[in-house]
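Look for chain A in each of the two complexes below; its partner is chain B in the first and chain C in the second.
Up next is the complex of A and B:
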């Protein structure tokens, strides 16, 4: 058992690009689910839109990188509007089903053979992140605290941009939720009819929350694409959305720090357990499973974790039980 | 509550043990290109497959085994050409597209890349593609697609009825319902291939266990959560967690590859008018129709069915008029799981068993239920048939790989125009 390797991998995952991606996805969900009580089950679709906007703009059409970023943000907003119009007046589970269907539509479109000239089919797209890494201010080399943390200069650049995005999104959210606007969102979560009777346009506020959450999700998509320098359609399956929910509920919904801490802890634990079990299998300490089955056990733990969290501690680490909109209709 | 969770865990643990006895797993390790050569579900043996690098440097070759599988280990990620030696194909079997004997594939780091070669029976002309462009062949294709749509719609309906009844009686949108199909299919697989029972014996055993699993799920899990007054949204997310858990459990036990039953794998199609169908799909459709009609009659005429509809309508009122609501819900769970398992088994006879097979039809079930009207059992029937039909017939105009997209788009449009669905009532939606 190589404990340095296990701890190193776990710590690196806890501050690495996965933690950033899921933190951004969960911050978006926090606006929608945590503060407003909207069940968006299609966050993977928003991430896919962000990732593919950059990839298609640069790799397929050869247009500038920042245009791709702009298109991604715009498309995420448009998708949120399209989803919100038919469903926001309906019951919560309708929004859930429509958003999950929409996310699957996005995934099936980008992986289709018919459109593979544009989206690259199941293999996805590569070679679009050049201009992003050209902006890298870090000289080549290894950074970190040996022997635990070590990132190359490319990862350092992704991590810097990613955590800055997380910080900026969280700060804006912090200010917004203290404002009257944020209080209206929370009021909608608690009692929609009461807010309506106060003369607020509930539909409009819900729509704003849906759009903002979706756009923050697309930021996660940008980091997803850039950190791997590749996009593949099946990375954006519905499981991504559900992991993001696990992250959010672990950290605590309706709390600014909830998604961030949730994401770091989620990945730290997941990689710690996964690598730990792999090492145990390789060193012969565990003999009844193979290394490849470790992945399945990890997934089982995520599912079990989500179930147990909701039963015993729905408010997660930071949350307040009275503030979680789990008892809505 | 704690006791209940422990009991549930023990129940799941028992289930794992049942599976563990002889679950076969086929895991690939490291980077490789691999595949399984099948024709109509039947493995094709003794075909030589060569892998070369992009620059035509030889990497390795393999010959398909008795189960049709082949694999070639490779040393690093990159682009590879995979060539099927068409001269080694057994007599009567040919590539569907002879020009696609060499495929270029991208292998990513640490991945095993599956390569598929499409085969056809060289002796029989492909179904429904007699003369191209002729008017009669177009209608033959329409008839064939309507038939296949009916087939798919019936399977979706079996799953959707349970989903809809559970929603109606408890308000739970069960995202783990797709996994109930998968569990049914794999239970039958376990008794069929591992214990060697004929599928006709294995399937009923699997259905009984599935019903017990459904009953137990409500007795030890959902019922306890209801008693704790867990919120509906909370339960919905719990069902997602349960779905992730069950899916990963099946992946753990049976591996990520496709499996198939020992019987009824390959059958020659028979021609009925314009439609070509395998006998097994006709029998499957017969079973589906009988079960669905039985469920419909039971709901309409039996005491229990009436009680079920009463609970779905208004649980408090039903309870006060002497109906044992918990008992009704438990029976709904058992029956719903049993029917879903039947759908899974029947689906498994027409396609490969896979740990994701249930998840893949879950959205179609949702589409059927929503289209018919959430919470109405008859609506779920009608909606599912429409969805299945639409999915298959839409391939006349759109590529087959996009057929699911069509159904999902229709789902969204229906919610815009008539959110209560075909048979739903206005009051349920707001």
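Up next is the complex of A and C:
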């Protein structure tokens, strides 16, 4: 068994683009679910909007890259508003139903045959990240700490931008949650009527949380598209949303560092287990499964891990048990 | 009691009600709240059906009535937590029908809930701070820059600490509200409502579950609110308390206002006795109690006799 390979892949995944994408998706969910108690099950749709905004703007229409970024942020905000207006006055479960459906609608629209001239159908879009990589300050070469960590200059550029986005989003959230604004959100999570009786416009605050969380999710979509230099519709299925929730719960909801550490650990463990099992099968240490079965078993282990986590540490790694919103009310 | 020791607010309130007819819907000299024809039905049940009621500014008014009379539902209508099927009401002359709950609170009409709503995952002091109105830091962008709201936050904290002390909750300042007892939560909710400096405070059974000694001091606080110029409307089942602090009593039964008047007058009103108090509401509850009352009466009689004999 090649332990260097296993550890190297796991560590690279823990700080790589996947960790960034899911950290951003989970930071968005943290604003909505962790702090405000809103169940957005359509986070994948917000990432899709971010990713496709860049891809369509540049690859389909030949417009500038930064215009695509602007359109992505704007569309994410608009989608949040459209979802929030009819549902935020209703019970929490309605938002969950509407968002899960909306995210699927986004995915089905971008993969539709009728609109394949614009969105590229099931194949998606490529060739839109040129101007992003033209800005790359890293000269060609290998970067990292051999033999464990090694990234090429393109990856370095994506990772730098990605982690800066994570840091900026987390810092803004940190400041916001310390402020009286954050206090209102946390109060809404517990009892909307009490907050209303104190003269706060609950609907407006919930809408703000939905928009902010969605926009942060679309940042994850940007990194998703740029790190691959391609977008495909089926990358934005409901799995993505549920993995993001897993990440959030693993790290600890309603904690600033929760989504970041959760995402790093999630990808580190996932790749560690996956590569480890593959290596074990290849070297003959494990004989009762084949390499093709590793993927499925890995997911079963993730599921088992999540169940154990919810039973023994429902507040996640950083959470405060008295303050989680996962418990029975 | 000497005349000058009666506080100004109480004197004013009593004067306002002087000689007022004790009948449902009677006009008040300076009403802060005027309610007309408010109806709320749940299916076939008419929970609230109030023809006309006025609440005198600067007074303490009690709203009493049997369980299910519609008191809480009436509160919900007035404060925008539930929509009335019919009717309108004005607060400070402004129409409030259809105004959403948070706007009602901002206009100065703040209520508490019969089923306490302490925010248990916030600390006691954070609960209190939340109650303050017009906070600069409650805007997302301004919230990001602490220097814009720190000063105001400090003022709010001072005000909160003062109130906590009054309500004997200062020792719990940094505890999660979820760790408070039921009675302490009632106190916290009332104190939090006062953070918004309301004009009209509507309390739904504020003393339920609060121990007698603390009830006494809370009664003092409620009276003090009147001295500070606030108007208090409260629901309560404890008749001693109603008698002690209210200037005026409104009685509801089956959704309607069946009687109004000064505390003592209302409690001897036959309709109120029939609908709410019961014929024996002053009667002893147990044999021991009866014995005790008898002894008291005898002792009193003896004392007067002795006095008379001496003279």
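Criterion: the second predicted complex is superposed on the first by the 326 of 329 C-alpha atoms of A that agree within 3 Å, B and C clash if a C-alpha of one lies under 4 Å from a C-alpha of the other, contacts with A are read in each partner's own complex, and residues count from 1 in each chain.
Quick note on the criterion: contacts are C-beta pairs under 8 Å (C-beta built on N, C-alpha and C of every residue); 3 or more make two chains touch, one makes a residue touch a chain.
Source: prediction; values computed, not measured.
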Specify the outcome, clash or fit, for chain B and chain C once both structures are aligned onto chain A. fit
Taking the superposition as given, does A:314 touch the first partner, chain B, the second, chain C, both, or neither? first
Which of the two partners, first being chain B and second being chain C, lies in contact with A:90: first, second, both, or neither? first
Of the two partners chain B and chain C, which one touches more residues belonging to chain A? B
Just to be sure I read the superposition right, which of the two partners does A:208 touch: chain B = first, chain C = second, or both, or neither? second
So, does A:184 touch the first partner chain B, the second partner chain C, both, or neither? second
Nearest-approach distance, in Å, of chain C Cα atoms to those of chain B in the combined model: 10
Please report the chain A residues shared by its interface with chain B and its interface with chain C. 325
Any idea which chain C residues touch chain A in the complex? 79, 81, 100-103, 105-106, 110-113, 117-122, 126, 129-131, 133, 135-140, 142-144, 146, 149, 153, 176, 178, 192-193, 195-196
Would you pull the chain B residues touching chain A in the complex into a rising list? 1, 5, 25, 27-29, 106, 173, 225, 230-234, 236-238, 240-249, 251-252, 363, 366-367, 370, 374, 399, 401-402, 404-405, 408-409, 411-412, 415-416, 419, 429-430
What does chain A use to touch chain B in their complex? 39, 85-87, 90-94, 96-98, 100-102, 104-105, 108-109, 112-114, 123, 239, 242, 245-246, 249, 290-293, 295-300, 302-307, 310-311, 314, 325-329
Given the complex, residues on chain A that touch chain C span 172, 175-176, 178-184, 186-187, 189-191, 193-202, 208, 212, 322-323, 325
